[in-house]
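Next come two complexes, and both contain chain A; in the first it sits with chain B, in the second with chain C.
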Partner chain A sequence: MKLNRRNFILSLAGGLIGINFTPLPWKLMDDISIWTQNWPWVPVPERGRFHYEKTVCTLCPGGCGIKVRKVDGISGNRAVKIEGRTDYPVNPLGICPVGMGSLQLLYDESLRFTGPMKRGGMRGSGEFVNISWKEGISLLAKKINELRAKGKPESIVAIDGNRKGSTCSLLIERLIKAIGSPNYVRISNMEDTYEIACKLMAGKSSPVSFDLENSDYILSFGCALIDGWGSPGRIINAWSMWHDYNSKEKPKIVQIEPKASDTASKAAEWVAIRPGTEAAFALGIAHVIVKQGLYNKRFVENCCFGFKDWVGSDGQIHTGFKNILLKRYSPDRVSSITGVPKEKIISLAKEFAKAKRPVAIFGKDKGELPGSIFEYMAIMALNALVGSINRIGGLLIQDGLPLKDLDDPVLDSISRRGLRKDRLDDAGTEKAPFTHSIAEAISEKAEEIELLMIFSSNPLYTLPNTKALRKAFGKIPFIVTFSPFLDDSAMMADLALPDHVYLEKIDEVIWPTGLQYPLYGLSKPVISPIYNTKHTGDVVIQIAKKIGGSVAKSFPWSSFEDVVKYRVRGLYEAGGSVKYNADKPVWEMIRKREKPEKGYSSFSDMWKKIKENGLWFDVPDYNKCSFSTPSGKFEFFSHVLFYHKNKLKAMGVTARNDEAFMPHYESQELKVSGYELKMIPYGMINLSSGWMPSPPFVYKTIFDNQLLKEDSFVDINPKLAKSLKLKQADRVILSSPAGNIKVRVNITETVPPDCVYIPMGFGHTGYDEFIRGKGANPNEIILGRRDPVSGHKVWWSTPVKIVKL
Partner chain B sequence: MKHEHNKPLHRYGMVIDLDKCTGCGTCVVACASENNVSVRPDESDKKRFISWMQLYMITNGKEYPYTEVCYIPRPCMHCEEDGHGNPHPPCVSVCVATATRVDINTGIVSQIPTRCIGCRYCQAACPYHARYFNWWDAYFPKGKGLERYLSPEVSVRMRGVVEKCTFCHHRYMRAKRKAEAEGRRELKEEEYITACTEACPAGAITFGDLNNPKHKVSQLIKSDRAFRLLERLNTKPKVYYLSSKEWVRRMADNYLPEELKPVKPLALRR
Partner chain C sequence: MTLLSIPKEKAKDWIEGICFFILGFIGALIVGWFLFPMALYSEHTQPIDFNHAIHLENVEGDTLTEKCLYCHEFYEDGTFAGIPRIEKCEDCHDPESPMGDSLEEKKFLTKYQAQEKEIPWYHYYRQPPCVYFPHISHVKMAKIACKTCHGDHGTSELLPVYQENRISGYSRNIWGKHISGYKEHTWDRMKMDDCAECHTKKGHEEFNSCFTCHK
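Moving on to the complex of A and B:
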């Protein structure tokens, strides 16, 4: 046969048809699919025996007990799953989604510094080069010594996100003090506002806690109870008991909040209030309680000061809280401020006062940000009126954990001179006399900072008005991060001395937020550090030793664990228990006034058990009526504020006369013409909005009307959408006087028509592809007044406008 | 056609109390981490992502300030029938590769990814959108180290196969092995529970044998509050929900106005 074009095509076609009758193509296709399916990027997990290790979660101040499932493989052991502990008093049922997924924070290499590093490229480029620990520590010690030699130790600033009272925070504060800088700045949250409110009304700076499990009526002023408020493991467990259909004992939960949030929807009653008017609402309720004579006369008359009019030591007649309430907070006026019908105010007040063990709780949203002092004071006063202060089922003001204090550091002449200088953030000065730290204020004083050290925090993400802060960071010559993560702030660092991630290290739980009894938790290294990282506690000690002189003398310990052990001795001296019986919840023991079994014989036995089980707790005796105020009573009229009466006007308190020293309502809203909407940030339990990154797993729980590809959504009411001619998922620019962010709109009836609700936790510039560049961070454009008493930025309402793209 | 003799020995089922559920999503994360479900850089593409336990949010549709929200966690329903009285779920009857079966001993609807040929018939047949297709290989890029948290109990899936909730079948096997080693034939109630049940911080999920009257699940499903999703499709799901709110129960299926019996609200039981 001649090979011409026709025959060639024929034979080709014939061949193609023919080959289909042989098994060859099928066999090949099968082989190829099997081959490709075995390409090595589908990993085969190594097998091994399982075992569990108990520890505590230190990702947030909630302090849940966790157990880690490990696999013992040939190539060493690895953690494969985190589960909740049923033998830990905080969280009998489970843990939160962030804790559940956090093995990814441990094992995702591109989230982490793998060792000490120096900046390689431009600031913010994220390029780092490896150095040794010795080099890193000497570099920092040299910088510190240079600044001390120049007589400028106060230009060294530390921003610390560790929990107040934790050993790590004490060591950092000690280092800064020993160096001679007054500028140890803590990241503040609602507990710092609790402390100030307590200081003003009860005379001691202690965080308040709430005996919710024993309460029968809970009035929640915007607390996102089921969205991560307080200790989430504890609150959601309590929530579960309260929502058991068959249980006879249920408290009534009333949520006072502008948004139909998860808590508002699931509470027995939701009171939709205008944003920022919680104080007025609390005082309106107080008015009704006082007017109808429903207040707890025994407590108010014996344990409170300033209720009735009185004559001061100087002969001046003061108006009492009672008359101020009656004159200024009638249901009519409160109704016009808050937008709540006055019948509702009256009926709620009656219910609240007539309940057996009512409690009013406060701290907006998740409580990760500071609140307003007068609002907190108003709600504390409401608790006092019904006698719910230091009572079972009420609000508790207790001393902190009985951990041993460290003695004062050794100071040389340079340090003493430096410590006499004013703080850069004005905390503790005349402008904010009761506040410990105002981290957001350092952006105004960046020129005076020569060296910034960042510990366990991500200020460039979590502080309001990050744009100004980013600019300020650019002016600081040297920034050191101790974060294990490549977070937004660490990207700006010149030197990274990375800490371990939580499962790799010994760390403390210092009294979980809002828990009604003292609890100390200790986490243990569940797996050995997988990278060349070092415990920041140890690194701080090593830096001090390297600096030498009086600074080295202030740090006589050889390791972090030594310091922890020294402090735990204080717990031993105070008593308490290390043995928890899961059948006997601690809140039940409180109600029955039972004491727990000690569970240890000596200090070394106790230390061993705390290290093994991670738990120490105590059941304190409440019903104490003693306060450390000048009057010795709970003060409606705060003497401490009265002593500062000349400064209050300059601080920005608008109320005059006696009302200024008492809980009262003053609007904190910033009004800017052209920006008629209010932007209100909200937290979510399934997204970390603080220092810790969110484990990528949680993005499975985020809806596509919260995040779509690179855009996050803001919630707006259909009425607002209609007036702005916006459709679902439209792209818009949200702008405040501080700047613009790009978002999409989610149209929902859950929010009021004049507000724009924006989630916190999106919009990172650091970390890896799972987290970076997803959505917008409300902190970029937050702009607000400062709270007149605390000096903190008012974060919960920013004037904004929406422009369609 | 009923197969009475084919009735499974055990019928493992789940009850989710929506009055307790706070919508936190821990069940979703616990499930993904227990079952080696990978996370892709973009999880917001809900048509392509994988979440065996998926969380849905519903609202009552009323105007502000009468709005309420509720969450519905949705695992595989482990249906017992296909809606026409045949004793296998809709997905099993369409599977051409025998990759999904109903286990006669447990009632669990299995899914064997290595058998799956990726035709996605089952995905189309499932009324609950409980089945997910792997459009890509599991996302564990080299050098990232994410594979270190993988559990050896569940194999990681490759692209081109369908996967879904298995009621943590490996946990059943684990419990079974332990019981056998101890010479027991029956599992105790708490011995075999799914990862989501164990993880729920609100204790909203209950798991157990619906055939065993002593198990909590078989008592809970008799409650007035109990309902199932799309009940009138008649696929007999083994996942039940509890809610005292009428609007939530109404949203589970297309009910006639008078069809739902009122339930005493939770708040009034003080």
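Moving on to the complex of A and C:
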């Protein structure tokens, strides 16, 4: 037996054939294929026991209850899923797609600042270098002290997107005031317009809410009910509840808007109206109701002022709302303004007035942007005519949350001098006497700003005409961001002092938008901070202490939580409940006039339970016929506006005589020759259009006729497409006098021929590759008139033209 | 030309060649059937030699499944605890009054319980992360006995040596003890085909769709 070449080959051949009669090749193949599924970089959830931590979502003002599924694996700190809570009254079934996907906002390092940083490259380059918290806070405190020493505290401006009345917003406002600057500027939304409309007609700046669940007829003036309006969790839950009702119980929903939106297509009736003519439509309905004597005489005669002609204390005869309606808003005239057939106006008016608990709701689109005062007043007046103010199933005007106020800050001579200066945005001045803030106006006064601090907002993305604003930002010597995200505005920052992301911190829900009862939510940190970030509330206190003097004295607290606890004592003193029984929805308790069980024995017990469950709520008393107006009644004729009669013309109110002080219609459209189309932005429920980024997950839910590769689409009518010789998905330039954006066209019959509908939420210049540069941001080219009363930019109609690429 | 007509020298070469061929063939069979499995799996002894049989005697439950579930419990949300954490062991084992004089219990009390350290068990039956296997629907709804998948593990007095596949990192129990994948009992193997086989046998072919387990 010799092992020569031939025999060696034969033995190999034998081996090769033999091996196939063993499990080796098959088993190896199986194992190797499994091995390829287990690369170390393939993300695999940690193993361990799952448990849930309850909290509330603070991504939007909706205030949904959420529970975070966590796994107690090796780190003991891994969140794996976000779900809606069933034991929270706002959203007893679910949450929105953005809320569901937002774990990425927590874990996606490319979206976030991982610690305090200062600018490392050119502005906007996104290059930052790490610094320590001590260095960051000292740097900012030094800048503030330098400006105060120069006697220029008013050149310090804060833009804040925190919810009005929240403890964080109060602390920021307090810091700015203590420093001596009048320029604390909030990002406005429809609730700011609600407050002004309320102030003018009901006498106080109150939150407006709608008892939709108890209503039997809902006239929606462009509210994107199922696309994220108000508190999306609540509305979608109510909608699904109505879906299960029998036809007798089901409320009739009439959607009034120019586009066959999701809400319009699911509503019982869609009324296609010309954009921006909602006020005329509401007054047209009011005309029919008054003319046919269908109005609620008890409420109008006992609780309203200015319905009939009246004589003032000076003996002057004033025209009443009734006569204004009858003379100026006949169905024929309203039909010619709105484009709605007069028969439809008459039939809707009759239906609305004859319903048992009708309500007309307002706030266009998702309600993230401010509205038009006279439009809101007209719809409030419509509610008043049918007696639906402060009635079950109607529009409710209530006091704000009874949280304890903070004492005034301590002011030194520098602060007092600074606070006497005018605000840069003209809010509260003769140009906009009822308005708290007009953030977009600061772009005109950028030269006067030395230091800009940006809190919980992304003004370079969310404010109209961002191109002008970006230029203005370039003139500001020092910009500080407190955003946890590398957002569009943060890219321009010189210093970043990043906040925690919402799941890492204690934060508040201050009365979810539009909810019919007062609710306070408190989120708790369900995850310990992943990066070297700090709660902005705590950082504000630390900055104040570092500034020293009277500013430090204004902040006696050691932490943000101390301040929250102090304010919550106000809720304890007011009563209310911390115990929610899921079998008894609050709206049902309202209808049955039941009060909830308190669920606490002392303040410390209440505080413990609020921290644990994140909930305080109360069931308000309705049927109140007393208002804080000079007349003590709901005013069709606004005394507050009347007191400012000399300013109205300068503010831009075109109506004259008594009509100017009452709800009326005046066109707010800007007409520019050569730009004959109207661009109307719209929001989507699966895309964040506010300061919070959309988690990259949700981009998977966007259709190909909304975003294709890097281009977003605008919706245009087939007639317009034909006249411009455009085909589906053609690339075009959308131009307004403010600039151009590149988009594609989606040809759809759901939009009118003279309008171009554009989605909001695309076109970021910040964040990471999954968000940046996807589509176009309509704010880049929004150009509109100012609302004559509030001074806010009219965002819902920009004159544009389309040029094929 | 027949073999007989081949010259003797050449025939010898041929026979020699066939012998080498057979040698190679048999060598491959030995490698494939015996050496390969020995090389493929690494062996680990469990940190504690747990006696299931003795625990079964001492826990509550009318049926074997109930007894198993005493320690391998379901949480409130329906998820399965798997191997219990030491807090479950502490329900019965008190460091001040041990239940017996076993060295393994002593090891548990001193090395793990006293130091509040979880026992680093090797998991014989752990499915890979891409598999969603809900115990609750099998045990509570389909009322399948633990033995169906886990064999006599629950009544054993000693824990077998844990064998880990060096390539895939999976326990040998997933592929099965027999290297050929041959199985005699339902618990001999835990591959995808075995899940599907059982679903089909029980008339639930609809559960054989991909998304049922690979979510």
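Please note the rule applied: the second predicted complex is superposed on the first by the 760 of 805 C-alpha atoms of A that agree within 3 Å, B and C clash if a C-alpha of one lies under 4 Å from a C-alpha of the other, contacts with A are read in each partner's own complex, and residues count from 1 in each chain.
As a working rule, a residue touches a chain if its C-beta (ideal position, glycine included) is under 8 Å from a C-beta of that chain, and two chains touch if they have at least 3 such contacts.
Source: prediction; values computed, not measured.
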Fill in: If touched residues of chain A are counted for chain B and for chain C, the larger one
B
Worksheet entry | Which of chain B and chain C A:V129 touches, first, second, both or neither | neither
Worksheet entry | Contacts of A:L805 with chain B and chain C, given as first, second, both or neither | neither
Worksheet item: So, does A:R6 touch the first partner chain B, the second partner chain C, both, or neither?
Response: second
Discussion item. Quick check on the superposed pair: does A:P45 touch chain B, chain C, both, or neither? Answer first, second, both or neither.
Written reply: both
Discussion item. Output check: A:K27 vs chain B and chain C. Expected answer is one of first, second, both, neither. What do you get?
Written reply: second
Discussion item. For A:P232 in the superposed arrangement: first (chain B), second (chain C), both or neither?
Written reply: first
Response to the item:
Going through chain A, the residues touched by chain B and also by chain C turn out to be 37, 44-45, 47
Fill in: Complex interface listing, chain A residues touching chain C
1-3, 6-8, 10-19, 21-24, 26-28, 30-32, 34-35, 37-38, 44-45, 47, 49-52
Worksheet entry | Footprint of chain A on chain B - complex, ascending | 17, 19-20, 22-26, 28-30, 32-34, 36-37, 39, 41-46, 49, 51, 55, 57, 59, 61-65, 67-71, 137-138, 140-152, 155-158, 160, 195, 198-204, 223, 225, 242, 244, 266-267, 269-270
Discussion item. Residue numbers of chain C touching chain A in their complex, please.
Written reply: 13, 16-29, 31-33, 36, 40, 75, 77, 79, 81, 85, 128-130, 165, 167-170, 175, 179-181
Practice prompt. Mind listing the chain A positions that touch chain B in their complex?
Written response: 33, 37, 39, 41-48, 69, 71, 78-84, 91, 93-97, 100-101, 103-104, 106-110, 226-227, 232-233, 236-237, 239-240, 243-245, 248, 250, 252, 260-262, 265-266, 268-270, 272, 530, 685-686, 695-704, 707-709, 717, 748-753, 769-770
